[in-house]
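Each of the next two complexes has chain A plus one other chain: chain B in the first, chain C in the second.
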Partner chain A sequence: MRILYYPGCTVKATALRDEKASLQVLRVLGIEPIEVENWICCGATYNLPKDTVIQAVASIRTLIRSELTMKKSNTENILLTLCSMCNHVLKMADNLYKNDPDAAQKLNAFLSDEPSNYEGKLRIMHFLEILRDILGYDKIRDKVKRNLKGLNVASFYGCLILRPREVAIDDPEDPVIIEELLLRLNANPVDYPYRNECCGSFNVVSAPEYVWDRAKEIVKSASDYGAKLIVTTCPLCAYNLEEGQKRRRKELRGLELPILYVSELIAYAFGLDDALEPEIKNLLDRMVGKEG
Partner chain B sequence: MTNLADKILEITGEDVYLCYFCGKCGAGCPMADKMDHLPYQVIHMVQLNDMNALNAKSIWICATCFTCSVRCPRNLDVARIMEGLRTIKVRAQQQTIDLRKVEDLEKLPPIALVAAGRKYT
Partner chain C sequence: MERIGVFVCHCGRNIAGAVNVKEVVDKIRKHPLVVHAEEYKYMCSSVGQNIIREAIKKHGLTGIVVAACSPSMHLETFRTAAVSAGLNPYKVEMANIREQNSWVHDDVNEATKKALGIMWSAVNKVAGDQPLEKVRSSVKKKCLVIGGGIAGIQAALDVANNGFEVILVEKSPTIGGRMAQLSETFPTLDCAQCILTPKMAEVARNPNIKIYTLSEVIEVSGSIGNFKVKIRKNPRYVDIGACNMCGECEKVCPQIVLDKDYNRSLTVRKAIYIPFPQAIPAAYVIDASHCHGVGTARCNECAKVCEQKAINLFDKEEIIEEDVGAIIVATGYDLYPKEKIGEYGYGRLEDVIDSLQFERLISSTGPTGGELRRPSDGKIPKRIAFIQCVGSRDLQHLPYCSRICCMYTAKHAFLYKHLVPDGEAYIFYIDIRAAGKKYEEFIMRVQQEGRVKYIRGRVSKIVQKGDQLIVHAVDTITGKPMTLPFDMVVLATGIVPNTKEIANVLRIPLDENGFLQELHPKLAPVESPIKGIFLAGVAQGPKDIQDSVAQASAAAKKAVEILSKDYIEREPLIARVNKEPCSRCGVCVQLCPYHAIEMTPEGAKIIDAACEGCGTCAAACPSGAIILTNNEPKQIISMIDALLVQAPSVLPTASSSTNKE
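Up next, the complex of A and B:
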């Protein structure tokens, strides 16, 4: 199955590890992601005022170009995203376009330099949704080659993949999608109070201390509940937790949990060593305690 | 100037008078301990047309994680109201961030910078 793929700015910068692992996992499962031609940044956050449509222009431009790539490369109408923020922003813009005819008209006028209007035919899906809804959990289990038995893994969903409700990939208050995947990999999902909370997000730019405090709480709690590892899908959560636990090393008394992308853990369980950075593979080898 | 509540209604479509201060937004807010006024207190100020709402530190600390918005029993999109207040300041060009002075500029994920740029300027 050929589907469209929108990387976004950060996957091509600080989250290359996620891209490499996610795309290889999908290929092994029979899905070929085709990168959208001439994609641009989605905007990273969707501004919330309702008296303007400017917040949706960049996203709709990318969606137009996605439809063009779909026709040219003969793909399904599924648009894959890896980054939580891209997934949120593209879905918010898509909803605005589809549900508000006045806004759609304004957006078309703004985007009249594109070869066509957005036709609204795309189904924007996050990597995890594709695993759950297109492939199904059983297909994941069938590809597992390495046993992660005994590995205590905490999921960290973060905010934008779960909220607001209309763009959420799972229940905002009690998400299970990552835990369901972990169970298929034979890992132990760790339940802890912070898994669907916010890491502090873009406050890292304006008030980084607040974010380091958040990271400290989250990592401490995950560890208290037994986690040896945290997995996430958001490149900003990954950065904030990783950097935050270093900045609060003293308060955490040296506690430092590896922060990985969900895709990396799946790739490891599938035995896709080419999809992993060598230090990630070595780390997981040590944690699982044995080879394959 | 128009009444603050009307202004928020115009910008965000949210009617602040629906709030009855149950406190769920403040209780669940991940940034609550850094805020000078909890979200429902800010909303109360808006109801009273108290312009200090626009000077609350909280409106710049809100990370728009929507935890309050999914929990509000009155279906208010609290994150959107906080952003409405920010928007009033931003549109008056009272920005609070200078991206040239950001620490770790080279290391930060681009989404953090783009997001902060869009929310704060």
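Up next, the complex of A and C:
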């Protein structure tokens, strides 16, 4: 199955690890992601005021180009995203375009330099949604080569993958999509209260101390509940948690945890060693060895 | 030849502001059947009514049209006036030129044209109307009250004390309802049991009231004055008359069951039990879903020890039929389930409880004997948080305000401070709605005397941390997020009505939130849209005990009004069937909202007593076999003709009558 793939800026800059692992995992499962031609930034944040459409312009431009790539490369209408924020912003813009004819008209006027209007035919899906809804958990279990038995893994959802409700990939208050995956990998999901909290997000620019405190609370809570590892799917969450626990090392007193992408854990379980950075593979080797 | 009079009302400026009244009076005179037309400022005033009476006599009118407001406002006024001048009341029609015209249009020219069209068609209709007499039927001198909570109890007592028989149907094993679960009541802090149980006892000893517990109304047919009711009475397995409440059965019963109803899962009971000591009827009951002996006597430990021989493990359900003249619906409410609130733990955090659980925990008849101990480990909570508007005023859950939570939460916090004087109580609120007599004063008392901390802001999340609950909130007055530890959290979950089943049985519409729809939100708040059926308590809308009792008394009064009549007068404007063209297709039977049509081998048959004259069947009948009296096809055609041809023909062309006002 050939599907469209929208990487977004962060994935191509700081989350290359996620891209490498995710794409390899999908390929092993029979999905060929085709990168959208001439994609641009999704817009990074989606403003909520209703009297402007400017926040959706960049996203819709990318969606137009995605449809063009779809026709040219003859792919399915599924548009894969890896980053939580891109997933959120593209879906919000797509909803606006499809549900508000006035907004759609304005957006078309803004985007008259593109060869065609957005036709609204795309199905934007996050990596995890593709695993759950297109492939199904059973297919994932079939590919598992390494046993993660006994590995206590805390999932960290963050907020944008779950909010607002209209674009959430799962129940915002009680998500299970990552836990369900972990069970298929034979890992042991850790239920801790902060898994669907916000990491502080872009406040890292303006109020970094606040974000480091949040990261500390999240990591500490996961540790308290027995986690040995945190997995996430959002590059910004990963950065904030990683950096936050470094800055609050003294207060955490050894409770710091490795922060990985979900895709990396799946790739490890699938035995896709060339999809992983050597230090990640070594880390997981050590943990599984120790635990198992 | 008909002689029709037309009377046009100005309704002050309500009509005259948008309609050129003088012009329509002049023009309607051109109608061949109109022998008299005049206008007056307020036709509904006694002067106006006199004008009508005088004109009927003077001109020998055979029918009149009053062009004014909606017939639902003043048709009876004008009918009565016409009758006193010797006219048949069914020869009176109203042309609604206010609600359907002047109020919604501001172009005088167009509104005047439209008014004339409406009036012309009403004249055509009244010319074809048959003079009719009202139909009389007898009244069953008995009232059905559905629901045995405080509203049902009050309604039953009021009707019974007026000398009429009452059938009180209650789904659970005892009457008392939600109020029986409460500890104290706001704003006076009377003990709920102390003020409720005398009323329950009064119901029990009132010879006019017959109580059916464990019973549900499953079918209602007929109409005002003559309802036929079927009640399913589920087996109690204990003879109410014989049981002397000695309690020996309970001691030997081997089945321990979670008490989900009265004590809201905070404790256990046996499979044979009494809900609470003052239950009415005062008799044990067997919970068939947990008893191992029901129907088989495989276990009959209870029957063995019962000296009164009151236990019958082979008891069967009964279907009881009753004929009643009026029905009062008071089916009450449930709490919105805390299991639906994800941010507060989906009901999985043991020490996050709902408000009725808190009532049980502080009630002297509760599982802890009135000592406040938290469910998880029995510790006395030293720090407690109350969260208001849980589910209520939340578009993801209930859009409405549940009305009672601000007050009961204040009461909870106040009672908590009495039970745990060194404890700290916080209330998180959106705003305080204390609109009731002595309510605001009570809130002040709780804040000052009770030293309860009110934090204006919502709680975003509750998290278990060790044996404490961490509450994440925001104080919207200081704008600061806050994270506070508590030992226990009480959710003021909203209230949802218990109406789905009963609304189906009675065919009463529900509003968008599931409450029973009243006939008019302001002017008929206890009447249902079906005549003879009245509403009381939370089933109609969120309300506290005070308002429930007041509404119940109002509903009882409305019921007594019917029961005390010698006969019911019914409108003769009902449907009738022309047997010959009827093809027995059954469309009418399906569509009739009042179940007033039955299919017979000879064709459809209207049950006159049940027909409300809505006309749905007449409109739907594909062969035109059903006719609504005084809405004959030829009348309707003549009305359409009036609007499309006759009225426009006497109007000046648009250019000649510009708006000169």
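One rule holds in what follows: the second predicted complex is superposed on the first by the 289 of 292 C-alpha atoms of A that agree within 3 Å, B and C clash if a C-alpha of one lies under 4 Å from a C-alpha of the other, contacts with A are read in each partner's own complex, and residues count from 1 in each chain.
In the analysis below, a residue touches a chain if its C-beta (ideal position, glycine included) is under 8 Å from a C-beta of that chain, and two chains touch if they have at least 3 such contacts.
Treat the numbers as computed from the prediction; the structure is a model and nothing was measured.
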{"item": "Superposed partners chain B and chain C on chain A - clash or fit", "value": "clash"}
{"item": "Partner chain in contact with A:E173 - chain B first, chain C second, else both or neither", "value": "both"}
{"item": "Partner chain(s) touched by A:P193 [first = chain B, second = chain C, both, neither]", "value": "second"}
{"item": "In the superposition, chain B vs chain C on chain A residues touched", "value": "B"}
{"item": "Chain B versus chain C as contact partner of A:F202, first or second or both or neither", "value": "first"}
{"item": "First (chain B), second (chain C), both or neither touched by A:P33", "value": "neither"}
{"item": "Partner chain(s) touched by A:T10 [first = chain B, second = chain C, both, neither]", "value": "first"}
{"item": "Which of chain B and chain C A:P164 touches, first, second, both or neither", "value": "first"}
{"item": "Which superposed partner A:L48 touches (first chain B, second chain C, both, neither)", "value": "first"}
{"item": "Chain B region in steric overlap with chain C, selected from 26-34, 44-52, 62-70 or 98-106", "value": "26-34"}
{"item": "Overlap of chain C and chain B interfaces on chain A (superposed complexes)", "value": "165, 172-173, 197"}
{"item": "Interfacial residue positions of chain A with respect to chain C in the complex", "value": "165, 171-174, 193-194, 197, 221, 224"}
{"item": "Chain B partner contacts - residues on chain A that touch it in the complex", "value": "8-10, 13-15, 41, 43-45, 47-51, 55, 83, 85, 159-160, 163-165, 172-173, 197-198, 200-208, 210, 213-214, 235-236, 239, 243"}
{"item": "Chain A-facing residues of chain C, complex", "value": "341-343, 346, 396, 461, 463-465, 470"}
{"item": "Chain B - residues contacting chain A, complex", "value": "10-13, 30-31, 34, 60-61, 63-67, 69-70, 77, 79-80, 83-84, 87, 96-97, 99, 102-104, 107-116, 118-120"}
